[in-house]
Each structure stands twice: as C-alpha cells, then as structure tokens.
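Questions regarding the structure given below will be posed in turn.
Letters A, B, C and D mark the chains in the order given here, with residues in each chain numbered from 1 onward.
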Amino acid sequence: MHVEDVRWKPGITVSSLVESMKHSGFQSIELAQASKIFCKMKQSNAKIFFTFTSNMITSGLRGFFAQLIELGIADVIVTTVGGIEEDIMKASGEKFSIGKFNSDDVELNEKGVNRVGNIFIPNESYAKFESLMSGMLEKIYAKKSRWSVSEMLKEFGLMLNDKNSILYQASRKDVPIFCPAITDGAFGFHLYMFQQDHPDFIVDVVKDFENILMVTSPDDIKGIIALGGGVSKHHAILSCLLNDGLDYAVYMTTSHQTSGSMSGATTSEAKSWGKIKDDSDAVTVIGDVSITFPLAMMNSLEILNREGLIKV
Amino acid sequence: MHVEDVRWKPGITVSSLVESMKHSGFQSIELAQASKIFCKMKQSNAKIFFTFTSNMITSGLRGFFAQLIELGIADVIVTTVGGIEEDIMKASGEKFSIGKFNSDDVELNEKGVNRVGNIFIPNESYAKFESLMSGMLEKIYAKKSRWSVSEMLKEFGLMLNDKNSILYQASRKDVPIFCPAITDGAFGFHLYMFQQDHPDFIVDVVKDFENILMVTSPDDIKGIIALGGGVSKHHAILSCLLNDGLDYAVYMTTSHQTSGSMSGATTSEAKSWGKIKDDSDAVTVIGDVSITFPLAMMNSLEILNREGLIKV
Amino acid sequence: MHVEDVRWKPGITVSSLVESMKHSGFQSIELAQASKIFCKMKQSNAKIFFTFTSNMITSGLRGFFAQLIELGIADVIVTTVGGIEEDIMKASGEKFSIGKFNSDDVELNEKGVNRVGNIFIPNESYAKFESLMSGMLEKIYAKKSRWSVSEMLKEFGLMLNDKNSILYQASRKDVPIFCPAITDGAFGFHLYMFQQDHPDFIVDVVKDFENILMVTSPDDIKGIIALGGGVSKHHAILSCLLNDGLDYAVYMTTSHQTSGSMSGATTSEAKSWGKIKDDSDAVTVIGDVSITFPLAMMNSLEILNREGLIKV
Amino acid sequence: MHVEDVRWKPGITVSSLVESMKHSGFQSIELAQASKIFCKMKQSNAKIFFTFTSNMITSGLRGFFAQLIELGIADVIVTTVGGIEEDIMKASGEKFSIGKFNSDDVELNEKGVNRVGNIFIPNESYAKFESLMSGMLEKIYAKKSRWSVSEMLKEFGLMLNDKNSILYQASRKDVPIFCPAITDGAFGFHLYMFQQDHPDFIVDVVKDFENILMVTSPDDIKGIIALGGGVSKHHAILSCLLNDGLDYAVYMTTSHQTSGSMSGATTSEAKSWGKIKDDSDAVTVIGDVSITFPLAMMNSLEILNREGLIKV
C-alpha cells in the first residue's frame, strides 16, 4: 500500500478523514488500523472487553463510553474506582469544569477545587457523593451482606437515571463492570465507614475474579479495547489469558514500552504470554485517548451502522 | 466552561467532533484551542510562519501542507532538507509505501528499502533524485553562481508540476521556503558534488537569514504553526523574536518540556524570551501530528471557508 | 545557584556524581532534589510510604527495595500483585533472565517464555508458584478464614527466607504491605481456586482500607516515594490525604502530566487536592526508575549513613 | 544472563552501580550496554562522532563534553549553533542559573531572563555576546573572506581560554566542530550584520559538507555517540552513511520511535539505511541525557583509564 497525500474537502466527515489516514504515516496508520479492528470484533461477534482509566470518566469521554455500551460495543468493562465515583456524581447532576494544566494548585486548594490535568472537580461534589453512597449501601445491605464488586455496581447502576452514565447503561444492558481495586478511592472510604457499623458487610473480590473468569470461555471469540494502562488493562487481559487468549486487541495509550510497564506494554509483548493469540489482529496506538479513541471508534460506528451491526 | 459528554451521531463531521472536544478534557481541549487559534491567525490577517519536520513530508501530510499553501494559510515556511528532497521525489512520480515499525531492518537493507518509522522509501528513489538535482542545479547556475537557499528552492519549485507538492505550491504563491540546514541530506551531497566542478558556486545561508528577517516586520501581526521541533521550529520563532515576537502560536509535538529541548519547549517558555508576546493566544498540543494537525486544521478550514476567508 | 560544569574524576562515587547534578540542568537537577528530600524524610523522622509497580520487582530493583526496608527507609508499602508473586518466586529460587525489547514474541510464546520489556520469565516459574501458593493458603486458613490483604502478606513473608525478598524483610521489620488489587494476577487465580474449596474463605479488602488509614495519623510527619504510577501511587496518597496530607513527596515516573493520568500526575497537581501540604518539599523526576531511583537513593543512603540515621 | 538484585554498599562508585545495572532491567540494561559500547569504540580505535543539542551546553554537561574532547573520546563534533553561542558566553565569564520548569514566564521576560527548561539565561549574556562576536569576526575576516563553518569555529576556539569550553578544547585537539544550521541563532544574526558591512563575506556550508565527508573514510572503524536528536544526529550519521556506515552506535534520547521523527529514530531503523552496519554494536537508551550520559560514560572512562587508553 502506498503513501497517499491527505486532502481536505469542505464538509469532510470523520469517516473520510480516518480512511485517508490509512495511507498517511506514523500513528495515523495505526489509528486507522485500530478502527478496522474495532469493526472486525463486532463483525465476528466477539465478546468485547472494554477497559479505561478513571481520568477518562472525568473527561467528556464518559458519555461516549455510555453510548458504546448502549450500542452493544462493550460486553465486559474493567476500570478503576475513581471513574465509578465520578460517573455517579455526574449522574446526580454534579458538574466538572475545564481548567488549565498550569494552574496555581495552592490557590485551587484554597478554593476547594481539585485538579485532574486540565479538568477541575469541586470539593462539594465529593461531599454530596458521601450521602449518595451511604444511601445506596443501605439499600443493597438490606438484601444481603456479602457482595462481589460487579454485583454491587450493577445494583448501583439500577438506582441511576442518566443516559450518559456508564453504570446506568451497563446495568440496563447487563454488561458487568469489574473493578479489582474497589477500595482505592472515596468509594473505598465509604465502604470502610459502612463496615464500621456493619461488621458482617463483606466485599468479596475473590468471588469477582470467578465472575470475570466465567463471563467468557475459551470457545468465545474475544477482543479487547484497552484505553490507558494499569490494573484495568492488566485485569482484562489476564482473564482472557486464562480463557485461551484474545483474537483481537487494540491498545491506546500515551505510555511507551521502554520502561517495561503494563501501561506501555505492547500487543506484541502480550503474544509472548499467550495473552493474544499469535494470529490475532492487534495494534497499539500511541496518543491521548481523548483524541485518538473517538476518532477511530466513530469511523467504526459509521461502518457498523451501515452494515446493520449496531442499532442507532 | 463545563465538561460535557461526547456523543456520536451518524455521519458526524470533523468539525462537529472537534467542536465537542472543547468540552472533553486533556489534549482534546488543547487541540480544540489550537483549531480556534488557527482561525484567529487568519481572521486577524496575521503573517503565518509554518514549520514542520522532514518525516511529515515522508507521510501523506505532504499533500495537505501543499493544499494549505494553496489556500493561503502559510505565508512563510521553514523546514529541514529531507522533506524538500522527498517532495521533489514524489513530484517526480516516486512512491513510498506503508510498512511496519517492527520491521527486520537488516532484511530491509538487503532489499534496498529505507525505513522512516512505518514508512518505506526505496533506494532507487534516491538514485533518481541524483539526476534530477544535477539537472536543476545546472539550470540555476546558468543564471548566477551565488544563491540564497530560499531563492534556490523557489526556482526548483517552478520546475515542478504537482498540486500536492509543497515546493510547487510555494513557488506559485510566492511563499518563501527557508531551510537553514540545507546541506543535511542527499541534497547537500549533490550541492557538494556540483561545487566540486563549479568552485564559484555558493549557497549563501547568511543572506537567507537576512531574507527571513525581512519577510516580516515588527508592525505585522504574526502567528506560528510549529509541527514537531528542531531547527525548523527554532528558526521561525527566532526570526519572529527579532521582529518583536509572535501574536499567535500553536506548537504540536510529541516531545515534552521536561528535557529542556527545543522540540519540547512550550509556548509558555517562549514568553520568557519575548518570542511570544505576553498577551498572545498560544497553545501546545502533545500528540502525533499525523493525527492532531489534520483534525484541528480541517475544522479551522471549515470555519474560514464559511467566513469567506479562504477560496476553495 | 549557578549552573556548574560537570567533570569526571577517576574513582568517582555515586554521591559525588549526584552532588554535581545539582548544578547541571533538566532532570538531573530534579533527581538531585529528590535525593535531598529522601534525606529530609528520614531526618524529620517522617512516616515513609513507598510505592512501586510490579515490573520493578521483575527487575533487579527488588533486592534494593528489600535492602531499603531492612535499613528502615520504608514504613508502609503499597504495590500491585504481580510484584508480590514474583518476589515469592524469586525467594523460592526462580531465575528471570535478561532479554531484548525487540524479541520475536510468537517464538518466545512457543518456548514458554513470557516477556516484560527486556526481561524474560519462564512459564515454569508460574507453575511452581501454584503449588507454593496452595501450601501457604492452607497454612493461614488453618488459623482463620477472613483475612485482610496486609495480614495475609505478612504471614507469607514469615514463610520466606531470602534477604533480597521484600515480603521477607517487610515481615521481619513489621512494615505492612498493602495491595488494593490483590486479585489482579496469578495470585488472584489461586485465591479463587482456594475459595472454590473453602467458600467461607474471605479476603477482606475493606478491612485493609481501615488498616492503611490507621497506619498513620494527622499528627505524623509523612512522606511518599512513589515509583511509577497507577493504583499503588494513588492508594498511598489517598490514605495520606485522609490523614491531612503529605509533608514530603517524590514522584519518579516515565509518564507526563499531559494526558491527565494518575501515573503522570505531578506533585503540583497533588497540592490542589490537599494530598500534599502547600509548604511541602516535593519533586517529580521524569525517567526510568531503574536508573533514576538507585542513583538518587544511594546518595541519600551515604548521607544518612554518615549522619548515623541508618544502621548498615 | 540472569536478573540479579541490586544492592547498595557504603561508598559505592559510579562504576560499581553501572556494572550492577547490567543485571537489573529496562533502561538500566540499555545504559550498561551503552557504557560497554563506548569502551569498544575506543578499544577498537574507532573514529568517534559526537553529537549533541544546544540545551546540553546550556546545562553543566558542557564541561564534561570539553573534558571528553580533552581525553580523546571525541574525534568529530556535530551540534547546533545555540550551544556554540553559549559555550563562548560561558568561556567569557557569563553565568547561567538554576531555575524552575514551572516559572512565571511573563514575569521572567519582564526581568530580562530567558528560560530553557529549568535553566535561566540573562539577557545581558546575549548583549555581551554581540560585541564578542563582532571582534572575532573582524579578526577572521582580516585573513580571508570565505569560510567554511568548521574552519571558523576552529579560529574562534583558539581565541578562547577555558578548559571547560568545547570550542577551546576542540581547537587545541584538532577536533572539527560541524554545525550545519550555523545561522539558526544569535550567531546567525551577527553573521548577517557583518555581511551587511562586508558583502563579500561568505559562510560556505557546502564546503563544510565536503569537510565532514573527508574527515573519515570507508576504511576507518567508525562510532557515533548521539545525544538528543535533530540535525546534529542526522548530519553525523549521514556523513558516516556516505562513508560505508557505522560500526558502533549509541543513541541517547527522550524521544520515541513511534512518531517517525529523527530524534526518536532507533539504531535498528538506521540499519535499514545502511547507516549502521548490520553486525554493529548499537543501542538506544531512552532517558534524560543529563542523567544517563555521565553515568554511562564515567564508567567507560574508569575502564579506559585502567586500560591506559586515555591519559588523565
């Protein structure tokens, strides 16, 4: 395939731009390849593991992720707890605002504003979250005292009502949300407070590992869309590895493989572990997910919509 | 401004996606800001310095750059010589192809293929370039023996005929191309060979520094679009600094400021030098230019087209 | 302070090199600052939270971390489960080997070799780990059925005998090891298998959040050494935030703040959250921890040893 | 080779630390490999091309580079003009100071301070440089009117007297300094001013390309130490390519190959071009050169000193 010159035409669509990237070079080629693999996952009826880090929920990607669940693009979700907290906050009407990377952080602290990159979260959003959590925990505890994480998150999702919420959409569509480090946030603090008053209250993370192992099987065709790295990415590929590995894999990250971290680990490295089958379609796209993912995925949605594989 | 959830709609345009990025987070916000500043440059009738590295000409961005020159987006170009060579090769019909980052480089070498990231350039393209260059040098030497770089590149552009060529479009539109390190490539080798036979042949780089200083003035409103880093970026901001600094600046790069390099130097750092005026509109977007630049600029083109500020 | 020229002298020590870096520039300055803050933590008798990612235990840093625990540099450890598994494997005599980043991963998989960057782990190390784990779980289950993670890891450490093991040294020195995502690895799989046969076996992660909150208090002077990012880093700063924030902080990472991730979040950002007190000594060092950390810390150990603050 | 645990011993030397890195992992292994290749270059009597970017001269690495020239480690230097300016400034007594990355750049500008990462350069250093340059240009113009860059820089070096100056040491040791983009800085501005008054004054960059080609031959064993990227790195490998390629290559950079830039281009990619011979010893080390280079090179100096291959 030859390099071809990219050109703008008035009214150009996202699809048209991504298609031209196939012939451009560097990460644009990898991005176009990711878009193609997203399509293949759905075309082959793969079970799709979708993982992302909390900061993406802080951003406007949250609504897009919820839409993808609604459209049937994600079958299993693995994430970290900060995003779950913020999804609930936003579903309850809290607003985050656009700020700056180079802020005066001491001044922000005095104003009760918490910074995540160039996004600001007010302290009061956390304060309101506390009373929300306590109410929700009371409700589920009334049913039983021992909960696996994904079961609990499903119940919480059913208590929300926001089409842009990942918990809401996942509960409606029976998409399990796994969160192996469930205590690593304000959420964990509220679990702890609740357990102080209810010592028999148990969050059973071992049971949830069984749940993620059982969510698929070696016979399933399996794909992963891993946005960012860390525990979410690792947990999804681990559970697929224990089910004979992945057929399709797209990693989108800003990390590089040179430090040997999970966040930067490539789809190639995963083949050595049997995490990805040797003949799989796999690609790593380096770049900020807030740009690369909507671009690649929206092109795939156009194609899948044309093919009748998603219902808009 | 609040964070807002990103959503896909069938048939979504590039413009619509970039507009939604304003409310998303992380680099998508910076990208949307870049797009806005591109518009402001043109709306304020600024003199626009456009700089890029050679590898972008290796990629399909070349045709897009040529189109931008044609549309009047770039008033002054600064680049490195590898891109100039490859622009001439491509204008003469040479084809580069899409390859892989993880290639067997020893095998490629045996096959006569040179790799630039995930793009392959055949040896023969360089071989043909040699005879092209020698013909072009003969022609200009017939006129005079002492040439500044931008003068020479203008003559070369006039000898080409390819709407996707940056040299061709720049010559037609009287946009000077500066290349301070003109000998750093096969181009330099051919200049050397030519000088062996014509000892009075002189490439006057000092004269060309005068030219870039005179291309603008302190009175002009000035903007820069710097893609990637290195000498091209530095040279353009230096010449603007000596003309009282920039009013608008967009840096798009994969480098970070943490190593103190020019490639990673931010628009903020530039303010300490007076390279950018303190009240200027300036933004740094981190990411692969093959993705971020067409996305941001195509949205600007839509707006400028609507406003009648470019002629399609 | 002026920039001063770095010079080599025959027999130069690590201390001498790090001291000269104070006057050099870019990340070397930040590294020298980190070394100084390490000393301050110990000099002020701070409670030191030490966090790292699993891949560092895959590398030879493991023995250095164990030595730091032995020397009293770390009071609380937070990490991910992969490193715990590998610490146990190595303590049981397993050997990992030095490989290459650009390996043929399909071939490695056929040979039963798993790659982590440029380190190779044989499949059989995981196989042996299985029987180890099952024996250790039987032993602790004989005592009781409900375990918090840090309690369990303490018991495991007492069963090992290897001065280079972090679990061994931590158990001996009563340094708790927290691991919020305890199921995210082979370890989790063995917990699951064990729970299949012993349904009342519970790993109580909520209790462990209580434990990490109680390990310190608002009255303590507190410091953090965060190597890499992810859940380990976040969990330690969260527990310090809930205890009125940190006095000293050193982040060492290859990630940048520009993507808004926890891994790249700077010590400045942490101030907006109250995670780090406004007047604290804090620095972020960008670079591969396998190089930057031993360099900075070994200089601190020399100083602390001279001052009698550690016992060699 | 197995992974081995790193340990600190009181009084540990740089050599001892670097030797232990061989068995550690990730970039520490690559760094130890770089150190070994530095030794091999000298042991095999290779012609060593040494390239670096200007910001390294801004930092304290300048004195170390000068020392390497004095010790006979560098046979050919390629760099950018900013570093040459600053070397002359420093040799004339100017002082730069240590600052902060997160500075208030508008305030710095008002104070007449220019920032390069976390280093500050006063405006007055540039002002004094102007009169220095004009004196030096008068002197060389008195000899002849047409100068190649390396010839001119040699003359300038002879006018300095500072053991920490790269120009001074290079002139004394007959090590040519090439600077293909000689006009890209204040230096270029002063060349332009001088040419205004002396129109026959010519800086012949084409002649200097002949000079760098002739500085070595296909018969020489050749090595490159490329610190950072850009034109300096490219120019040195180009001139070696035209002399049949390199036998040894160490690239040290913060850039990654994923964007297809020269700064991030790996030693593997260079093999496809024949820039590095297929059987060569080559390594890429990712990290800030202000840390990685002194560490690796000082270990090599210890070894070479022991072997009597350098004279201290």
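Miscellaneous remarks
What we mean here is this: contacts are C-beta pairs under 8 Å (C-beta built on N, C-alpha and C of every residue); 3 or more make two chains touch, one makes a residue touch a chain.
Note that this is a predicted model, so its numbers are computed, not measured.
Touching subunit B and subunit D at once are the following chains: A, C.
Set against the Cα centre of subunit C, the chain with the most distant centre is B. Counting C-beta pairs in contact, the pair that comes out ahead of the other among B-C and A-C is A-C. Once the centre of each chain is set as its mean CA position, subunit A and subunit B turn out to be 36 Å apart.
Each chain gets a centre from the mean of its Cα atoms; for subunit B and subunit C, those two points are 44 Å apart.
Computed from the mean C-alpha positions, the centre of subunit A lies at a distance of 26 Å from the centre of subunit C. For subunit B, the set of residues touching two or more other chains reads 25-27, 55, 58-59, 102, 116-119, 256, 258-260, 268, 286, 288, 290.
Taken chain by chain, the contacts link every pair, so each chain touches all the others.
In the complex of the two chains, the subunit A residues touching subunit B come out as 1-8, 10-14, 17, 20-31, 55, 58-64, 66-67, 95-98, 102, 116-119, 164, 268, 286-288, 290-292, 294-295, 297-298, 301-302, 305, 312. Residues 53-55, 58-59, 80, 82, 101, 103, 105-106, 108-109, 113-119, 180-185, 188-189, 191-192, 195-196, 201-210, 213, 228-231, 234-235, 238, 242, 254-265, 268-274, 278, 288-290 of subunit A touch subunit C in their complex.
Listed in rising order, the residues of subunit C touching subunit B in the complex are 25-27, 102, 256, 258-260, 286.
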